[in-house]
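Each of the next two complexes has chain A plus one other chain: chain B in the first, chain C in the second.
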Partner chain A sequence: MLSSAATSITVILIVFFLFIEGAGVFTKKPIDDGFLLAVSVDNQVKKIKPSEIKDIYDQKITNWKQLGGKDLPIVLFRAGDITDYYTEEELGKNFEFFPDKINELIAKTPGIIAFFSDKYKAKDFKGRELDIDKIKVSEFLSGEEWFPTAQPIAQMGVKPLIYGTLWVSLGAILLALPIGLAAAIYLSEIAKKRTRSLLKPLIELLAAIPSVVYGFFGLVIIVPLIQSTFDLPVGETGLAGSVVLAIMALPTIITISEDAMRNTPRAMKEASLALGASKWQTIYKIVIPYSASGITAGAILGIGRAIGETMAVLMVTGNAAVIPHTLLEPVRTIPATIAAELGEAPNGGLHYEALFALGCILFIITFGINMLVELVTNRNSHKKH
Partner chain B sequence: MHKIESKNVNFNYGEFQALHDISMSMKENTVTALIGPSGCGKSTYLRLLNRMNDLIDNTHMTGSILIDGVDIYERQTNVDDLRKNVGMVFQKPNPFPKTIYENVAYGLRVNGITDKNEIEERVVTSIEQVALWDEVKDKLKKSAFELSGGQQQRLCIARALAIQPSVLLMDEPTSALDPISTAKVEELIYELKNKYTIVIVTHNMQQAGRVSDNTAFFYMGKLIEYDKTKTIFTKPTIKQTEDYITGRFG
Partner chain C sequence: MSQQSSLAKKKRRNQNIAFGIFTFTSYAIVALLFVILAFIVIKGIGVISWEFITEMPKNGMTEGGIFPAIVGTLCLVLVSMVFAFPVGVLAAIYMNEYVKDGWIKKIIKQMTNNLAGVPSIVFGLFGMSLFVNKMGFGDSILAGGLTLGLLVLPIVIRTTEESLKAVDDTFRQASYGLGASKWETTSKIVFPIAFPNIITGLILSVGRVSGETAPILFTVAAYFLPKLPTSIFDQAMALPYHLYVISTSGTNIEASRAMAYGTALVLIIIVLISNLLANALRKYYGNKVKTN
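And now, the complex of A and B:
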């Protein structure tokens, strides 16, 4: 009683902490603290989306016309570019004239967009500071670019990561389910007692191998294999992740499905065989339908394991945060992102909180999956009695 | 010619010898009852007739069993075909978790019958044969588990009959049923005798007396006495049989 209460409280505290930290990202602007973006006062463009700002600085947008302003080429300016316009003498020995010069530059360059620290903002500032919106939940979820440390505006789009996670997991389950099912059928219906007693512990042992070892195995064997088979520039792809995850999900799927199959009442199998059904007909028509819910539970738990898996995936998927179109492209999953980036994200900063928000998304996905398992197994225990 | 003929059958579960040198034969369209105390080998013998014991690991059989003159333990015997010809009804009703209709249709489908009309016709005929039609005709699409135990058992018999076997094995088919259901099943056995060769294992001596033409008494894995039912129950030649029949042991 006490221990279960303690466990529940701990779990709730962890989830609470996760969501508190994760929610922080939506109270912040995607621009570094103490920096500002400014344009000329004459500029008619009022609002610029974070993704557009990135495009401007990537020089994909080069004219204000593209944003609904005047036909005027965009002049990019970062604080470091000041020496292109003024000599060191003009800026003063300790850059004391720096704010004035920026002010002057913005005033005389109508097409400018300037990014600099607000300590260089002059008292009689003649430019117009751009209003940056806080990160919205919808933008966070639908954004297609993940550059959490990009300057001047961090790009917090988690879509590629969610897609990456789902693609890799889906691929894994598509690979693991037929193999796992076949193995479960073999173990429960075909193998001799001795063979089973030998194989079962071996398969269960697979679950005990640390995931980093699987990752290493994937990196050394599967990645080169995929690279040469499909003639790819790199072998670190979603497929490599799927294969490694499939191997990791197999013990779960096999064990749970096999248990369910062995629970098929002997009377059912005998009844089927006594009617002249062959062994395989009995397996397809009696054993599999009877254990369908167990097989589903095994598959879903397998997916659950695949979605949450970090290390092995991090090692073999190439970690490119782009929306994948095929499994033969590098992908980046949510857990891999958190593991790879949390060490570099300053505590309490925007990036840090964005990673916690990613954790929340992962939690919601796996929570949903577990609810599904509950639902499936409950529905079945109803059916049988 | 005998329908079923066994010669010197020995059967082992691992080290344990369950049957010793059983030789007996059964005529076509007769009912043979196998009686004897628990563990005497009567069910084991019954399950040899459709090779159900093949499913149990670590068993061994010697001797031969002929059905219609063909040794069913020959290497070239197709076990699935054998079981189509030799139907079986089990001790506890074991309908599939399917509808009443599908329970009976199952045997037809697995035997490659795909014509819908034929399946329907044979399902209806089989259910009528076991006198269940009036009770289930309105709920063919309902789960078989909604039926009572006695109805389930008759459904299982219908299921076995649907594939038109010539031999029907029954392993204590009424031991899980109430007296009324039992009476119905016995009546059914009596009617089926015209078309099928029936071998029934039973613990119930009165039942053996009521339904069977011949009775075989098994004890400790041996066939002690095998004769006309009337003879076995009125003047058995062996003392052990008499003791068992009169309830002195068993």
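And now, the complex of A and C:
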């Protein structure tokens, strides 16, 4: 009895652990533990968004005027830059004067923004420490940049990853759906029983090939092919991911839509044929409309598979965390991001938790897709009775 | 009259075009399967040798063999099956033989479906959080095996349920008629008849477990470990992860290409054998049960 609850317990445990770890990202500030950002007390800019801090350190914002402050050039300062201002003797043998010197520097440089460890923060600190807000859920979802290890402020915007995932998956389904439907029609309506019993297991075998093998195949065959066909600098693109995912989604789409088509009542088909319709007319006027919800379910499940697929996508899409404009650019999907980055993220840190939050998003999407399929197929079974 | 026949002709022509496309597409998909398989077999067959299968990787994984990866994968399969097979089979028996149709059954079914739909990388995250960190197994065969076990649980449950459903009700009724209890009927009549089919589920799961990469990335897999694991608390190499590593991030990707083809071939062989075996068994026993 307990074992029959095993799957339910597992689902609940997955939800629990995923969300506990993932929620951690929203309780932390996107700045490394024990570090602080400080400006001069005279600085009028009160709040700076994480993305703006990144722009400052990338020197895209160079004047406080741009942030609503005084017309004053921004002076960037990282702890390592201290030697540009003071000699080693002035700092002391063990950097014992470091805090004082930073204090001095901030006091005399009105345009400064300084990033340093708080062990160098003097007791009578003369600068103003910037308030860094915790990461908000809305920022996490709508942020356009994913640089989880950026300094001084980690950029945790999942938008490019969500876009990447959707682009690649939709591309895959656009490729796979017509092909899969054609095969399903052939198997259920045209093929002889013998042919069908020969072809179907072979097509299902496509589902058995491990995803890492698809990734490898994509890497050595499809990626170079795309690179030369479209004359691209790199072949690792969203399109390569879509092609590989389309192949992987085919068995799902074919099996489910074929099942649905074979459920079309014989009497319906025969009535259509008796009225003088050709076999093809019967298929597209009777069989396809009748099995529409089954076909939809197949397509949705196919998308679900594609969204969650990790290894194959990781190996062929190039993994650039930028919002893609065409499928011919490198993209990065949510699962690929988790797979690529979790190994380097320190346990329990902000980056680690952000990746778990990505896992939550992925889980919610696929869970929703499963529910949707359930809904669609339930409607179908009502129709039958 | 002539208009009608031209209409009929058009109808016929349309049908021929459509059917031609469908037939071609279906065979093209099968051809694609053979292209993928043939490609890996042709490129990989030259690499496979006794040394390749029984030796440690050498020289930055560009030479030598993949023995530790094979052993690692076998260990993972073993651990995951020791966990998933009994749990899954018991779950299916309970569901199919004991629980009456109702909302409980519906919920359990739905949860099983949902678990089957969870992406494998999420299993990886979960396994890392629960088994590696919370339970303190560290990166180990135990943690990876359990994670993989959870991943295939829905497969084991589904195939077992199907095999139990395939057992004709007359067997059960005859058993009850002779005065057997529910448990006696289940364990002595239903289970033995369904057993061969249940085994096909086990074999399919073995194929699935051997090929999964994402769940073991952070729970067990070692980048390079030229020794065999000595206990289930050791890290291990594994075939799918090894293939991933040497084809994307090895020390010398070009030089290890041959090794990659060989590894892919070994992996494909394991997966194909398990699938063909399962299919053959299903066919064989499927016929047998029916004629009995």
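Operating definition for what follows: the second predicted complex is superposed on the first by the 384 of 385 C-alpha atoms of A that agree within 3 Å, B and C clash if a C-alpha of one lies under 4 Å from a C-alpha of the other, contacts with A are read in each partner's own complex, and residues count from 1 in each chain.
To be clear about the criterion, contacts are C-beta pairs under 8 Å (C-beta built on N, C-alpha and C of every residue); 3 or more make two chains touch, one makes a residue touch a chain.
In this text, all values refer to a predicted model and were calculated from it rather than measured experimentally.
Participant: Look at A:A267 in the shared chain and tell me whether it touches chain B only, chain C only, both, or neither; answer first, second, both or neither.
Facilitator: first
Participant: Looking at chain A, does chain B or chain C touch a larger number of its residues?
Facilitator: C
Participant: For A:T366, decide between first (touching chain B), second (touching chain C), both and neither.
Facilitator: A:T366: touches chain C, not chain B.
Participant: Is A:S278 contacted by the first partner chain B, the second partner chain C, both or neither?
Facilitator: Touch partners of A:S278: chain B and chain C.
Participant: Would you check which partner chain A:L13 touches, where first means chain B only, second means chain C only, and both and neither mean what they say?
Facilitator: In the superposition, A:L13 contacts chain C only.
Participant: Does the superposition put A:K192 against chain B (first), chain C (second), both, or neither?
Facilitator: First partner only.
Participant: Touching chain B in one complex and chain C in the other: list those residues of chain A.
Facilitator: Overlap of chain B and chain C footprints on chain A: residues 278, 281.
Participant: What residues of chain C sit close enough to touch chain A in their complex?
Facilitator: By the definition above, chain C touches chain A via 11-12, 14-15, 18-19, 21-23, 25-30, 32-33, 36, 39-40, 86-88, 90-92, 94-95, 98-99, 107-108, 110-115, 117-126, 128-130, 133-134, 150, 153-154, 157, 207-208, 210-214, 217-218, 240-241, 243-244, 247-248, 257, 260, 264, 267-268, 271-272, 275, 279.
Participant: Show me the residue ranges of chain A that touch chain B in the complex, using the header's touch definition.
Facilitator: Counting only chain A, the residues touching chain B are 192-193, 265, 267-278, 281, 285-286, 289-290, 383-384.
Participant: What part of chain A is in contact with chain C in the complex they form?
Facilitator: Contacts found on chain A: 1, 3-8, 10-11, 13-14, 17-18, 21, 179, 182-183, 185-187, 190-191, 199, 201-203, 205-206, 208-217, 219-221, 247, 250, 254, 278-281, 283, 301, 304, 307-311, 315, 335, 338-339, 342-343, 347, 355-356, 359, 362-363, 366-367, 369-370, 374.
Participant: How about chain B: which of its residues touch chain A in the complex?
Facilitator: Contact set of chain B toward chain A: 50, 52, 55, 57, 80-81, 83-84, 87-88, 90, 92, 94-97, 106-107, 110-111, 156, 159-160, 163.
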